[in-house]
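Let me give you the structure first, and then I'll get to my questions.
In order of appearance the chains are A, B and C, and numbering begins at 1 in each one.
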Amino acid sequence: MFAFIIRRLLQIIPVIIGVTIATFFLTWLIPGDPTNVLLGPGASEESRERLRDSLGLDQSLVTQYLIYMGNLLTGDLGQSISFSSPVSEVLFRRMGNTALLAGAAIFVASVAGIAAGTWAALRPGSFRDRGLTIVVLFLNSMPSFWLGLVLILIFGLHLRVLPVSGMPDPQSGLLTLLAHMALPTITLAAWSLAAIARMTRSAVLEVINNDYVRTARSRGVSEARIVLFHALPNAIPAVLTVIGIQMGFLFSGAVLTETVFSWPGVGLAMFQAISSRDIPLIQGGILMLALIFVLINLIVDVLYVYFNPKIRLN
Amino acid sequence: MTGKTQMTHPAQPVEPILSVDGLSVSYGSARQPLNVVKDVSFDVAPGQVLGIVGESGSGKSQTVLAVLQLLAEGGRISGGQVRFEGAELQSLSQRRMRKVRGQGIALISQDALSSLNPSMKIGRQMAEPLIAYDGLSASAARKRCTELLDLVGIPAPAHRLESYPHELSGGMRQRVLIAMAISRNPRVLIADEPTTALDVTIQAQIINLIDDLRKELGMALVLITHDLGVVAGIADRISVMYAGRIVETATTDQIFAASRHPYTRALLSSIPKPDQPRGERLKPIPGLPVDPREDVRGCAFNPRCTHALASCTESLPAMIAAEDDGQHLFRCPVDPFRLAEAEGPRARLQGNGGMS
Amino acid sequence: MNQPAITQRRAATGNAVEIRDLHVRFPVRSGLLRRPVGAVHAVDGVSFDIPEGQTVGLVGESGSGKTTTGRALLGLSPANAGAIRLFGKPLEELATPEKDLQKLGQLVFQDPYASLNPRLTVGSTLSETLYVHGLSDGGARKQKVRDLLDQVGLRPEIADRYPVALSGGQRQRIAIARALAVNPRFMVLDEVVSALDVSIQGQILNLLLDLQREHNLTYLFITHDLSVVRYVSHKVVVLYGGQIMEEGPTEAIFGSPRHPYTHTLLSALPVPDPVVQRAKRGLEIRTEPPSVTDPPDGCRFQGSCPFADDTCRSVAPGLRPAPSGQRVACHHFESIDIPSDQIGITRDV
């Protein structure tokens, strides 16, 4: 098991290198002088000279890349044009907010998705199963920003029960925080819920028809125990993979939701960066999101192996 | 006539512990049902061994799954009765059936690899119903499971409780299934092809084990198999199934020495036997087994039967009893002398243990 | 049906297959860097011949190495040591190009449900094989497909059907037809009837025997089922733990088995005879599967043999001839006395 984790960590290295190469090349792919790209059109000739020196812009690409990597390893992601502060600072400040939203969304999506998928799988072809399929189709088809706006309309404007934008001060208390989180969480969770519910349904269906479930039944074990202790544990690995992938999407998909709800997270920052051509921030943001995605996948792989003794003990 | 029989000496009738009467099992819609078991009847006396023999599509597994109401999604009992210790089973709710399963009637499935939960340790799987329903504490259950594993011949039983199914060999997994089946002291043990996919030396060990346990624990045994050799050594009575119906029921000796149904006889003739001289052609049954989706008029074996009479296509032959033994039942109107004659000079008419 | 000429043989033109000291090992990897830590000795020094036009039955249980041996003969398992000659030529020479070897020897598998592509009609599957092996003319292919189906006893209409609509026996016939399509001289039949109903196994076996006679085919018939082996084989090779325990003419092996393992196999074999089976109830069969990763010194069978002594545990017995015509790998086979009622064939032997 331990050897497996180490091996997987080592496997990440080439992926990370690949991602950094891609983000590095971003400066060169955008037309124009790199100093324009990185400092904005209004920069002074002095700062441009300094940048050329420190990044080695007149030297070979390989040297530049190495300088870039060196900077990365010390945490220097460049300077954000629109925020006028280091990119790393901007990202880290906002990471927490996005993580909060994404975390809540994945929690809601997982709990509701697994429950709904299991419930439907126990009665395949029935009314509730078909009902679930329709709901899932609906959730899958709705663009997140549309759902967000509709929720704002219903809960914010018509019913006036929930706040519709922004993130409250930490001093305002937990309840206010949850109230502000409610709508964006649901919006963000919708698509993932559909994917998780669908995967759970098919995984449970497959497992519940297995011979070992019949063995348990033949010994008098109740349906409830069968679902909880025989079916779900064997269905979970497949669902876990989907949850992991969804988490990756949630971090990056938060862009639209955060924008609609003005939630001050990485996504909103990215949106603003794109609008103002703040390339360093875009670069840094992509890199960070890619890293998070890779790490989440690693965790999912480890959990998958943990739940599957056959692989674990080999 | 059904498969109702009197178990022992007619002067002392024994009430069968398991009694199946006219059982039918169907899948699919009511308008277009797929009838996989048709009007099956048999009795099992306490402590007796009944062998149910048939090939693929005969419905033998479906029959016993129906007894325990373990049919797959879409399956249902479409007729008949099942009685266990006098009480009717076929109409019981799932909740009531749970009391019967495991404690009254236990099932050993084939394919031990897929019949064990791959992500649960052996000990935990075995102990689950003991702790949850039989009121044993965790340590008492552990002790009992260790005893059971020892009983079925697994070395280092306490250690084995911590293993996962894939860590055991095929033979050991089957022993675990057997231990699980007897763990709640059932009165009837149903073994569904317990030795398929096992090596022949392991097969012999497993069959002997099941028979020994049965005698020791006083259980009745229903052994389902396609292998006539396996059932020859331990069964008291054998029912032969074809296309969802029982075509013959008799004592083991009668089935092998004096069978009255063409399918049984053809089956016996078609098996390559270790003592068959080289150069003598095998006599497989010509044609193909019947498709369970077809509902045939008349006898289902008719297209492949060398003795078919005109009446065989018109109507299903009734189950009749042999003239010399009321417990020997079969669905065939053909004269026994015609059956033996047609097999040619090779047929040994004396009950020599070979075919007649 | 007349008595077939199964015992007639064409004049032997020599050996179709010669195997000398075949070893096949599969590495076992463990640890951080997946280093090989040991090996599974699937085949551990096997030598035998298959005369042309005859059938050798290769018998064994799990871990015996029988499937691996069969595959090695067709270059499908890597041989770590030893020599294989097909029709006088070394396997390595024949194996390039691959197609040449395939034209010489074909493999038919056990599982009739997995060996045919479910998305292709029967005709397409057979046609594809013909095309790959050089028959480019569409019309000629169609005709050949009809011929092949006829040879294996299937009606030509079957060519338009999909495997899912056919029975196990029919699918095996198609698998055999596909093997025949390239006009091979040699076929490895790996448990080809084991998955079929008992009453139709005979149909396939009879077909194989007929084809052997018509085309002078050589067969390696791999199975765990001793009754079937007796019916089709001229010679039998008994494997345990990757080594030969006993080998020789079928009649010798079945009529007077010498090796304790052969005795055990025959005793364990269920016979459709109640009296014989009941008599066997008292027999205790204690054979365990062989250890493949850690083979012991000396005789492979020592762990399960009631007659094993110190010699058996230290020195591996070679194959020695027995008077009845077979060769036996056992130190004590001349002195072991196993009562005939434990042989388990019939009471008449």
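Convention: contacts are C-beta pairs under 8 Å (C-beta built on N, C-alpha and C of every residue); 3 or more make two chains touch, one makes a residue touch a chain.
All of these numbers come straight from a predicted model, not from anything done at the bench.
Summarising the inter-chain layout, the chain whose CA centre lies farthest from the centre of chain B is A. When the C-beta pairs in contact are tallied for B-C and for A-B, the bigger tally goes to B-C.
Rounded to whole angstrom units, the spacing between the C-alpha centres of chain A and chain B is 55.
Chain B and chain C have CA centres that are 31 Å apart.
Listing the residues of chain A that touch chain B in their complex gives 124, 209-212, 214-223, 225, 229-230, 233-234, 307-310, 313.
Interface of chain C with chain B (complex): residues 1, 3-4, 6-7, 61-62, 167-170, 197-203, 205-206, 224-228, 230-231, 250-251, 254, 264-278, 280-281, 283, 285-287, 289, 344-349.
Listed in rising order, the residues of chain B touching chain A in the complex are 68, 70, 72-73, 94, 98-103, 106-107, 109, 111, 114-120, 125, 128-129, 132-133, 164, 166-167, 177, 180-181, 183-184. If you check the complex, the residues on chain B that touch chain C are 55-56, 169-171, 199-205, 207-208, 211, 226-230, 232-234, 252-253, 256, 266-268, 270-276, 278-286, 288-289, 353-354.
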